[in-house]
Each structure stands twice: as structure tokens, then as C-alpha cells.
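Take this structure, written in C-alpha cells, and hold onto it; I'll ask about it next.
Lettered A, B, C, D, E and F in written order, each chain numbered from 1.
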Amino acid sequence: MQSVKSIVRPDKVDDVKEALAKIGVSGMTVTEVRGHGKQKGHTAVYRGKEYQVTLLPKMQIETVVPDDIVEAAVQAIITAARTGEIGDGRVFVAPVTRSYKIRTGEREGM
Amino acid sequence: MNQADTAWMLISTALVLLMTPALAFFYGGLVRSKNALNTMMMSFVSLGVVGMVWAVIGYSLAFAPGNDWIGDASRLFLKGVGLEGVGPAGDQIPHYLYMCYQGTFAIITAALISGAIVERMRFSAYAIFITLWSIVVYSPIAHWVWGGGWLSKMGALDFAGGTVVHVNAGVAALVAAWVLGPRRDYRSTGLLPHNIPFALLGAGVLWFGWFGFNAGSAVAANGIAALAFTATMLAPTATLVVWMLLDIARTGKPTAVGTATAIVVGLVAITPAAGFVGPMSALLLGGLAAFPSYFGLLWRASTSFDDSLDVVAAHGLGGTVGALLTGVFAQKALNGVADGALFGNPGQVLIQGTAVLAAIVYSGVLSFVLLKLVGLVVPLRADRDDESVGMDVSQHGEEAYVHAEGSAAQV
Amino acid sequence: MNQADTAWMLISTALVLLMTPALAFFYGGLVRSKNALNTMMMSFVSLGVVGMVWAVIGYSLAFAPGNDWIGDASRLFLKGVGLEGVGPAGDQIPHYLYMCYQGTFAIITAALISGAIVERMRFSAYAIFITLWSIVVYSPIAHWVWGGGWLSKMGALDFAGGTVVHVNAGVAALVAAWVLGPRRDYRSTGLLPHNIPFALLGAGVLWFGWFGFNAGSAVAANGIAALAFTATMLAPTATLVVWMLLDIARTGKPTAVGTATAIVVGLVAITPAAGFVGPMSALLLGGLAAFPSYFGLLWRASTSFDDSLDVVAAHGLGGTVGALLTGVFAQKALNGVADGALFGNPGQVLIQGTAVLAAIVYSGVLSFVLLKLVGLVVPLRADRDDESVGMDVSQHGEEAYVHAEGSAAQV
Amino acid sequence: MNQADTAWMLISTALVLLMTPALAFFYGGLVRSKNALNTMMMSFVSLGVVGMVWAVIGYSLAFAPGNDWIGDASRLFLKGVGLEGVGPAGDQIPHYLYMCYQGTFAIITAALISGAIVERMRFSAYAIFITLWSIVVYSPIAHWVWGGGWLSKMGALDFAGGTVVHVNAGVAALVAAWVLGPRRDYRSTGLLPHNIPFALLGAGVLWFGWFGFNAGSAVAANGIAALAFTATMLAPTATLVVWMLLDIARTGKPTAVGTATAIVVGLVAITPAAGFVGPMSALLLGGLAAFPSYFGLLWRASTSFDDSLDVVAAHGLGGTVGALLTGVFAQKALNGVADGALFGNPGQVLIQGTAVLAAIVYSGVLSFVLLKLVGLVVPLRADRDDESVGMDVSQHGEEAYVHAEGSAAQV
Amino acid sequence: MQSVKSIVRPDKVDDVKEALAKIGVSGMTVTEVRGHGKQKGHTAVYRGKEYQVTLLPKMQIETVVPDDIVEAAVQAIITAARTGEIGDGRVFVAPVTRSYKIRTGEREGM
Amino acid sequence: MQSVKSIVRPDKVDDVKEALAKIGVSGMTVTEVRGHGKQKGHTAVYRGKEYQVTLLPKMQIETVVPDDIVEAAVQAIITAARTGEIGDGRVFVAPVTRSYKIRTGEREGM
């Protein structure tokens, strides 16, 4: 079982969600985040000073999936979220030891 | 000079001016947060450019003597406009004040158009467009109806601007949305409003300001003002109730966005009728006006026509319905001007229809030409990336909301 | 017709109408974000249903001749209401306008009740309840005091509605909170306000509108209006300062929610007294009124009685204190009507007490009966799940704030 | 008593009172969210403390006969102030109302100062300071100009308070920002505004209220009021347009914060001139006024001087420019009072300059002394930790926005 | 040392916090998130169109705890956050290599 | 490759960002969170009741870095974010199995 965490452009959440649904992944948790990377931020002007806003709005999508579909999930996300421009984001895969469904209390068999 | 009339017109003018910031919130709450400032700025910039241009050019074209079609140049730069009284004997107010009052109408009419093209139109193109539009489209139509032009001579009734303001802006909005094309993500994602309380705030303050708009159009603190006030208070109550019932019938849930929209639709529809109809007619008119706008909006949403905030359904349809129903419900016994169909004068509906049609054709054609001309100088649409990153950042270099600290480094 | 009075009453009516959207923000800011729209809609719906019903039925029951207890049916559908002047000779305003002015009071009084039952009452049940309540409870009490009914004959002083509006709404709120029962998570979690700036906005705009409410109740632009205006400006300054000092004494920190509340309490308390008392009495009255509401609110919060936004403490207690102190501070030298206890007429306090008591009993009993009747048709409370997921989604199918894009797929 | 004048002054007073909550939003939107409530409370507390003190002391010091420098004690506690008319024969309004109108000016002038010291000044120290300041600084200067004091005798023109209100508050702000010192993280992080729509809301409502401020300063519903109204509507349109062009020239992007600021600057600059100049002069004056404030603000931002919301640039500079240009554009033909330099009376500019200088010196010195005195009793600045955690939590025990539920446990 | 990350209903945060406190866990980080899973979203109506809002408000609670109390923490969370209805959420357990207290700079001995 | 996740005071984000930039780390994702720990919350007063607000505003900064600079990143963060007062926050280090750049689709060689 692994956590596949992706940081994507805000307008790509729906596409990623759909792409994951197609390969049978339906559970995920989405968070509004701000990202810093190669993408140049924008210049904010306030009171005559210019500020480099380098933390740009991104959405983080985390889904925990069984080992055998990790690769499929990663590829689905990458395909759905890609524009080819700087700022497309990352996907990180990390180990998850175990997972529980709160509703039933059982350890999940995924 | 009638001091009581002057007092009422001073506050009425201030009320109508307030409607433009109110519109900024009504519209601004309904877009996504990445476009909130840009949407609001589209109203605020009208206060600047149209306000200035009105004093310098627009007032003369609309209200100087001229001919049946347009005012002449005799009041450019407000030449010959001063502290002298204008209006019927016994109800005169200072000429300056009358000019200001009319200016607030020009400002908000231009700003109304923005609802159709938010989230994608380049800000500079928009600012140039409404500046020209207020001169080339608004001023002549205002002259036709209120400046002694052909429509007023024909006997068209438009108490506070159903045709001049709402049909006019609605048609320009239709043309603009069509010329600009839909937002890139229209139909692919749910473009949900980011702050519905702002839309409710806007609707509430619009209602407040609309008392200046409609009851102020009596240009006197008299019975006609009271009549118009009553209609302006009652019509939207009926629109609101009918809209809620339609919502409940369709989805089981009366929505807040629907409520805000219904208030505006009721106000739009009663605008041409306000000083001509009795209170029960106002209730009826308000209730009836809910239907075309409600279903118009539903239908529009099912098409690929992206009139983003439904200016056509609310102002175009609402204004047309109001103008026609003015020809039905008008009551000479109340205002001494004319009867409508219900009171034995069916011909009035035809006159009303002619006025609406004239506004549609003129505003439609000229708005189209103006947009094309502006497009020759500045691209009308923002770049694809600018639209995607949001108009606040791309057009204004700002974000509406910054909650975390330390997310920006000084350059 | 007095044009100056007409001008003042036109704007006063608009001001009082604006108070209902302002109330929507005052209340809406104090609930959790999942219930923000629903809370605001509880005010906005009153603009629709109570506004309509007032024109059709309520005005007649409150202001048609009738008997000591209720108006008759002679003005149903505003029959016989027109452009003719009403009021004392020399200070007449159009009848329509007077009807509108009174209608704005009916609208906000009904909306005030909602503060007690937000975050749990089913929206449809609420809408039906306030519609009936405005007919069955509000109109008769308005008739008693302002329509020539028994309380006015008895000599009860209620300048702008301390008893008719605030005691009345406060008691109905008490009954409603009691019948509905507390929110499911009341006492287990901190139900903190989601947007205190909205509450401050509401309080600020309420103050602005309240000048129409109180100074407008002179129904003339004269000295009494100025007197009422002065009291309306000064009383809340004292309430605000005393409330802050109480906050500081108790916790060391003057709160913003307290400030917003204090402004409202000061305005409520001065409402019955506004046109009867001098400015120094107004300051005293405002300062004194802080105490019962402040400690009433503290005490209520320590009980299991969930009057969610403290309508009873602010309007019930504030209105009662104001009504009684009107009997203390009234000054015949200023208004020509009656003296209070301080000026040699202690009996006035008793009359005031009787009026308050009558409103409490009538409003209490009838509100209870109405709620039970409505409950037979529609359950008064939202389902457990609907309350937990939030009233915005469950009653209106909307969320107040959506910040991320793409969080919704079109069906 | 002139009833029409009374009607206009009733609503004007309400409009000016509304400006203080509007200022709360203009300022509150521009700070970080952790300081939003504190910033708003700095305006709201002025409604309480300055409002009370005005009735008890301030009015007497400003408007009782007294000498050239200050009013006497004859109207302490509003002794001798009543329902009698004041003003020129034929345009009299109730004395109470005049007192209220002037009180709303005192309230907002004190609140204006807060913009310079937000996000760091201890709330209690601030409240004490503005209370004393309104007595010791505001009342005397008001007396000089409007109470029959030396500046009015000298012929200084200040229609609605360019010197009394804006220069005065601007200088006090400068001194306060300097005595308090910069925010601890000033210059190290970008202190971006947390809610720009609130700033736009504030600017929009300020404009609305400013019609009461300027056109109300005619104290009559007459031609001069209409003249002042016109100037108040037109000047900011030009400031807004020029400011946008400057923004575009410098960075390519017209900002929303700039637009809100420009509206305020235009209003400030036209304040002293409003009732003395024609509409084209108003446009010119508004456009010219953009430059010093725009570049003043730019320059200030490049220094280590933390006038956080640029009160000096907007009100100090804007007020000074307006006061001087009043001496240029004033036109006797319009108002019957005096001509400016453009109309053959260059000496007026000198008189204007003297008035500004007097206000600068008096307000500068006294504000400094007062701050030092208050600092002896209460530390002026919040503790380092309190500033870092945010003034809302540290001064008021509240957070402006709580979105999640269940983030608080009851004690 | 492990990270116990739970996604729970917004109105369950206090209960989870208390339950964790009872077993001696006091440190945690809470984030507003939106979750997608079996729970049906609600229908939003806007401008006559209906939208299925499937990303529902949830709260994410992350606490890093020593290995020996991971199981206790998981059970405490499950018990506190359960309603038995769809939408109760998940608990994920993942390895954490090391942990530092910023205030002191020391590596934590948990 | 490891994830270095830190929970810091809101006004320390810029300092941390700069410190990380100095050691060559430029990518990171920042989230507004609320933290619970030793730091005493503040008392909120509402309607006469007092509430202990114990979930305090914090910022979470997550950066995924190659193994060899993990230690440097941790130390940079600790130095930049420290005030020495309670409430400074934590740094957690956790394994990341792999990482992808969405823009190019390639697995990252870090």
C-alpha cells in the first residue's frame, strides 16, 4: 500500500479525479496548498512596492492505493495533469504501513 | 428652486452612485476567487471613465436640445450648465444636480454589461469599450427617451430606464458575450461562485440604491415619487417569492443565488413601470417577471452561450418584460400620463414594443461595431494563460485574498 | 402634501428596508460557515413573504380603523390606499409611502426572530411561520400601539417600536428557541462565529438604517425627528463604551462581537424613547441598557437554553429596558406628549410596564400556538444529518464559499 | 425651521456616521487577517468614545462662542443646545441636528489616524489617545475654521474639512507612526492585504457617505449643496483615471488597491473645495491630486517610515493639495464667498497655506505631546509576542475568521 | 516512530483530539481538506445547472507518535470519529524516520 | 529521497524558504494548518462563554529532497524557524519511494 501524493495546477483537479476513477481509484483527499518551484511567481504590487509572490496556488491530491496499481495511478495523474509548461507539479510515492476504514474499524485489504 | 425636491434628488443621486459598488459585489461574489478583483474593478472603472466622459461629452449628447436622435454639442464640458433650476415650475432643482443624477445612470448601465464577459475579457479593452459605448450607445438612447427625442414624442413610457438602461445593457451584454466567446473551461468544470454572501450584499444594497433610481426618477419629492417607491418595494417581493417557488418546484431547494437574482430581476422589471402603476399591479408585474428570466436563465445555461452572470436573462429579458407590461398596467388615474392595455389603451403595448425594438437594434449593432473596432487596437480576450492563472493576477497584479503571512518577498 | 416630509420619509423607508439585509450580515457572520447562507436567507425571505403579505393583508389589520384590538378588512389589497396625504395637517405624506414605511418594520421584526433558531430550523417551516406570525402577531400589536388601539389610548409611549418590534420579536424568539430545542452540538463544541467582520458590517449598516427607523418615526422632517436622531446617535455610543468596560473588567479584552452587539442593544433600547427624551437622557439610557443585556447574555450562555444569537438578551431585554426607561426619561417639554418619572410622572412607568406585559403575553402565547400549528404540517427542525452537514447544503443546495476551482462536476 | 434643509441634514448626518464603519472596512481589508478585527475596532471604538465625548465636551469647545482660539464651556453637556433653529434665516435646522452632524466629523477624523499605526498599537492606549485627541486637537481646530475662530476671520476657505479633518488627521498619523515605530516585520516580509474586496467595499461606501460630508456641509438643500455634490462626484472620477494611468505607466497593471486609494484621495482633495469650485475645476483638481499622493506613497514605501496604510500620503498630502488648490480654483461667481488665484485673487493661496501650516504645527505638536503622555500611563505598543501572534487574539481574544468547526473547546 | 494520519468529519475533530489526549498524545497538526470517497456529495444548483459536489469538507489530523502507541492511537481515533455512516473517513499509518523539535533542535526521543 | 515536513510559525515561512534556497533546495509545498502541542492556545470569548482555542495557526512546509542533503535541510529549517519559545514546531523526516515531474513525466533523479 502506498500513498500517491500529487501537487497539480488548481484547474487540473477534476481531470485527475476522472483519470483516477477510470483505473478504479475513487478515494482521495484534496488540499489547497501553495507551491514553490521552478515556476516564476507573479509580481504583486502593493503600496508602490513590488512583491514577488513565489508561493503559487496549487492543489494537492493524496490517494492511498494498493501496491499493484501505484504505477497506473501515477501514470494516470501525470497524463491528466500535464500541460507541458513549467509549474505542472510533482507526484510523490511513499510507503503506507497500514490503513483503516473508520466507519467499520477494519484494516483495509488494499 | 424647490428645496424639498433638491433634498430628495441629492440623496437619490448618491443612492444611484452607490449601486455601482453594489453591482461590483453582486457580480464579484459570483465568480471564482481568482477573478474576484477583476470583476469588481469592471464596475469600479466605470465610475472613473464613464463618470468623467459623462460630464465632458455624454450629458450634452443626451440632454442638450439637438434633434430627435441626439443632443447637440452645446453642453460639452458642461457649458451652460450651472446652478439655475431645471424642471417644471414649482419643482425645479439645480441643473448641476440633474446632470449628476443622470450621470449615475450612465455609469451603472455601462458596468452592467461586464457580467456577460467576466473571467476572460482583457481589462484595458473593456475600459476602452465602455467609455466609447457610453458616448455612442447610451447617450443617444437616453436622448430618445428622456432628452426629448423621438421615442418620447411617440409616447413611449420608460419611467426610470427599462429600455434605456436594462434592455440596452442586456443587448450589449449579449453581443459582447457572443463576440468574446465562452470561457475556456465553460462546460468542462463547475464554475461555482466563490462568495455568495457578497452576491447577497450586492443585491441588498442594489435594492436600497434602486429607490433612488426609480423614486428619484420623479425628480421631485411628491406623490409620483411615492408611487414609484411603492412599486420598487413591492415588485421584488413578488419576484422573490415566485422565484423561490419555482426553485422548490424544480429542485426542492430555494437557492441564495436565486434569491439575489430574483431581487435584481424584480427591480429591473419594475423600472420602466414604477411611476405609472399601482401597488397591486406592481406585485403582479414583479411576480410575472420571474418566469421569463427564470426559464431564460435555465435555457441559456443548457447552451454553449456563456453569458457568464446572465445579464441577458436578468436585464435584457427583465427589462423587455417590464417595458411591455408597463404598456399593460399603466394607469392614467395615478400618473396623469397614459393608460395601459388593462385600462383600455392596448395601443400602448405596441408603442412600448417599438421602443424596445429600437433599443435592441441600435444597441445590438453599435455594440458589435464598437467591440470590433476596439479589437483592432487591443485584443479583446486575455491570453489563454492569463485567463487560466486568473484575471486578478494577470490584469491587476493582485490576489483578492491572502491569508497566510510571508507568502511574498519584496523585490 | 408636505414635500420636505415626503423627501425625508422616502429615504427613511429605504433606510429601514436596508436594515433587513444588514441583519442578514449581522446574524450571518455569527454562525458557522456551513450555515452562513441559510442564516442570511432567513432575513432575505422575510423581504419576500412578509413584504407581500403586508401589502395584501397586514397593513389593513394594523392600520385600518377596526376596533381597539385589530384593524378591519377595509384596506385589504390596499383598497382605499392611494396618493392622498395622511398625517397631521401641514405634515402630510402620501398614504402609499406611509404604508411602505410601516411595511419595512413588519419585515425586519419577523426577520429578527430568526437569530434564536438558526443552524437548525427547517427553512420552509420558518418561512411559513414568519408569514403567519406577521399577520397574527405583528399586525395586531402594531394596531394596539400605532393604529389607534387600546395601548395608544392608555397612553403607552413607544416612539419607534420598542414594544411592537423588539419586545415582540424577543418573546417570539424565546418561544421559538424553546420549542425548537438546542442545536445538537450546543454545549459540546465551541460554536464560534465564522466571519466577525460581517457582524461588524451588519451592526454598522443597522445603525445607519436605524436613523430611518427612529427619526423616521416622527413621520416629518422636523424638530422631533432631529430629537429622535440625536438620541439614536448618542445612546449606542454609551452602550458601546459601557459594554467595552464590562468586557475589560471581566476578561481584560474588549471584543468585536461585543461591540457589534452593544451597538444593536443601544439602538434597541433607545427605540421606544427616541422622540421623547433629551440627549443626556439618551446617553444615560444607552449606558444603563448595557447592563441587563450584558449579564442576561452571560447568564443565558451558562444555561442549556440555546437562543443562538441572543435575540432575547438583545431585543427582548433591551426593548423592555428601553420601554420602561422611556417612562422614566420622557420629557413633555421636548415633545409635548408626556413626562416620565424623572419629570414628575411616575405613573408612566406603570403604563409602559403594562404595554410590555401585554406584548409579552400576546406574542408569547400566539407564537407558541403558531409554531405548533406549523409543526403539524412541516417538521420544524431539520433532520439530524441535515443539521450536521450544514443548513446551506441541506436547505439550499449551496455552499457559501468555494475557493478551489474544479471542485464540482456538472451533472 | 426649514424642513427641506432639515430633511437633507438628517440624511447627511446619517451618511457621515456611516463613513466610520466604511473606514473600518477600507482599513480592515488592507491588513493581514490576524489583525483584521483590531483594525476595524479602531474605527468602531471612535464611534463610542469620541461620540460620547463630543456631546459632553467637544461640541462646546468647538462651537460655543469662546474666543478666536477655542470655544467656551457654555455648552458642556449640551447645555443650551435644543430644538431651536440655527443657521441663516430661512435655512435654519434644529440645533441638536447641527451638533450631531458636527459630531460625526469628530468621530471619523479621530478614526482616520488609526491607519498609520495598525498591527502594533495597543488598543487601550489608542482608545485613550483618540479620546483626548478629539478634545485637545480636533475641537480647537474645528473652532478656528468653523466655530468663528481666527482662521475663518482670516478668510481661509475650508468647505467641508480639508484642513480640519484631513490635514489634521494626516499630521497626527505621521506623528503617531513615527512615535510608535515600524511593525517588527516591516521591510522583511510582504505585508499584503488579506481581503481587497473589503477595501473596495469601504471605498465605495465612503464615497456614498462623502456626499453627506461635502454636500451636507452646505447645511441646506440648496444650490451650494448641489455644487458641492457635483464636485464630490466628479473629482474622484478624475483621480481614479489618473491613478490607473500612473499604475499602467509604472507597472502595466492598474491595481484594485490603487483604485480604492484613488477614490479616497480624490474625495479628500475635493473636500475643502467642494462648495467653492465648478465641475471642470473639480475634475482638474481631482486629476492633479493624484500625483502628489501617488508619488508620496511610492516614496514612503521606499523608506523605513511605516505609515502602514498611508494616511499621510492620502489624507495629509491630499488634504494639503486640496486646501491649496481651493485657493486656486475657488470662484466667487458660484458661491459668493471668494475667488481663487485663477480668478484673479492669488492672495487666497497664501491664506490657504497659512491655514494648512497652522493645522500642521498645532496638530503635530499636540499629537506628539498627547502620545507621550498616554505612553506614561499605558505602553503605546503591544508586546512583541502580541504583535507577532496577531492583534485580534492578543487585544480582543478573537479571530476574525474561523472556518473549521470544532476548533475550540469550551472552558 | 510513525505518522498516524486520519481524515475525519469536520465535527469530529474535538472528539478525536480528546481521545488522543486520553492516551497521552498531545501533539497534532490539523488541516482543512476535501475528501472524495464512497460518500455521495450534494447537488449544487447554480444558474439553472446542477453540479455534483463530490469533494466534501473533511478535516485531516496528523500526529506522529512512538511505535508502541500507534495501535492505541489508531483505535482511539477510530472510536472517536466513527458514526457508522458512509463518509467517516480513513486512518493511514506511515513510517517516519526521524523527528525534531525546532525549539530545542534536538532529535526527539519518541 | 526523503520528505522533510516542517510545521512552523506563520511568520517564519519566508525565513525557512530562504534558508532552504541557500542550500540549493527550491521546490516545496506550503499548507496552512492548525497545530496542537505544548503551546497554550488563546482564550476566545463569545457570547459570555470562554473558549480555549488550542488549535493555533501554523504553516506546514514539505519538501522532498535527495538523501544526501536531508540533514542539511533539517538543520537549515531548524535554524531559520527557531525562536526558542514554545510553539516553534516540528520537523518530520519520512521516506519517499519515488518522485515524478508531471511536466516531463520522468522519474526524478534526486
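We take it that a residue touches a chain if its C-beta (ideal position, glycine included) is under 8 Å from a C-beta of that chain, and two chains touch if they have at least 3 such contacts.
Note that the coordinates shown come from a computational prediction; the quantities given were computed from them, not determined experimentally.
K.L.:
For the chain pairs D-F and A-D, which is connected through the larger number of C-beta pairs in contact?
P.N.:
The comparison resolves to D-F.
K.L.:
Tell me which of B-E, A-D or D-F has the interface of C-E again, with more than half the contact pairs shared?
P.N.:
D-F
K.L.:
Just give me the whole-number Å value for how far the CA centre of subunit C lies from that of subunit D.
P.N.:
Taking the average C-alpha coordinate of subunit C and of subunit D, the gap between them is 32 Å.
K.L.:
Could you put a whole-Å number on the gap between the CA centroids of subunit A and subunit B?
P.N.:
Using C-alpha averages as centres, the distance is 43 Å.
K.L.:
Using mean CA coordinates as chain centres, what's the subunit C-subunit F distance in Å?
P.N.:
Distance between chain centres: 49 Å.
K.L.:
Can you work out the whole-Å distance between the CA centroids of subunit E and subunit F?
P.N.:
A distance of 18 Å separates the two centres.
K.L.:
At least two partner chains per residue is the criterion; list those residues in subunit B.
P.N.:
Counting only residues that touch two or more other chains, subunit B contributes 2-4, 7-8, 11, 34, 189-190, 192-193, 195, 251, 253, 255, 257, 397-399, 401, 403-410.
K.L.:
At least two other chains touched by the same residue of subunit F: list those residues.
P.N.:
10-11, 13-14, 17, 30-32, 34, 43-46, 49-51, 53-55, 85, 94-95, in rising order.
K.L.:
So in the complex, the part of subunit C that touches subunit D is made up of which residues?
P.N.:
So the residues of subunit C in touch with subunit D come to 2-5, 7-8, 11, 15, 32-34, 187, 189-197, 200-201, 203-205, 207-208, 211-212, 215, 220-223, 225-227, 229-230, 233-234, 236-238, 240-241, 244, 248, 251, 253-257, 259, 263, 279-280, 283, 334, 401.
K.L.:
Within their complex, state which residues of subunit C touch subunit B.
P.N.:
1-4, 6-8, 10-11, 13-14, 17-18, 20-22, 24-25, 28, 36-37, 40-41, 44-45, 47-49, 51-52, 55-56, 77-78, 81, 83, 93-94, 96-97, 99-100, 103-104, 123-124, 195, 198, 392, 395-403, 405-410
K.L.:
In their shared complex, at which residues does subunit B touch subunit A?
P.N.:
For subunit B paired with subunit A, touching residues are 34, 185, 188-189, 388-389, 393-394, 397-399, 404, 407-411.
K.L.:
What does subunit A use to touch subunit B in their complex?
P.N.:
Within the complex, subunit A touches subunit B at residues 9-11, 14, 34, 42-46, 49-55, 57.
K.L.:
Which residues, counting only subunit F, touch subunit E once they are in their complex?
P.N.:
Of all residues in subunit F, those touching subunit E are 2, 6-8, 31-38, 54-55, 58, 60, 74, 77-78, 81-95.
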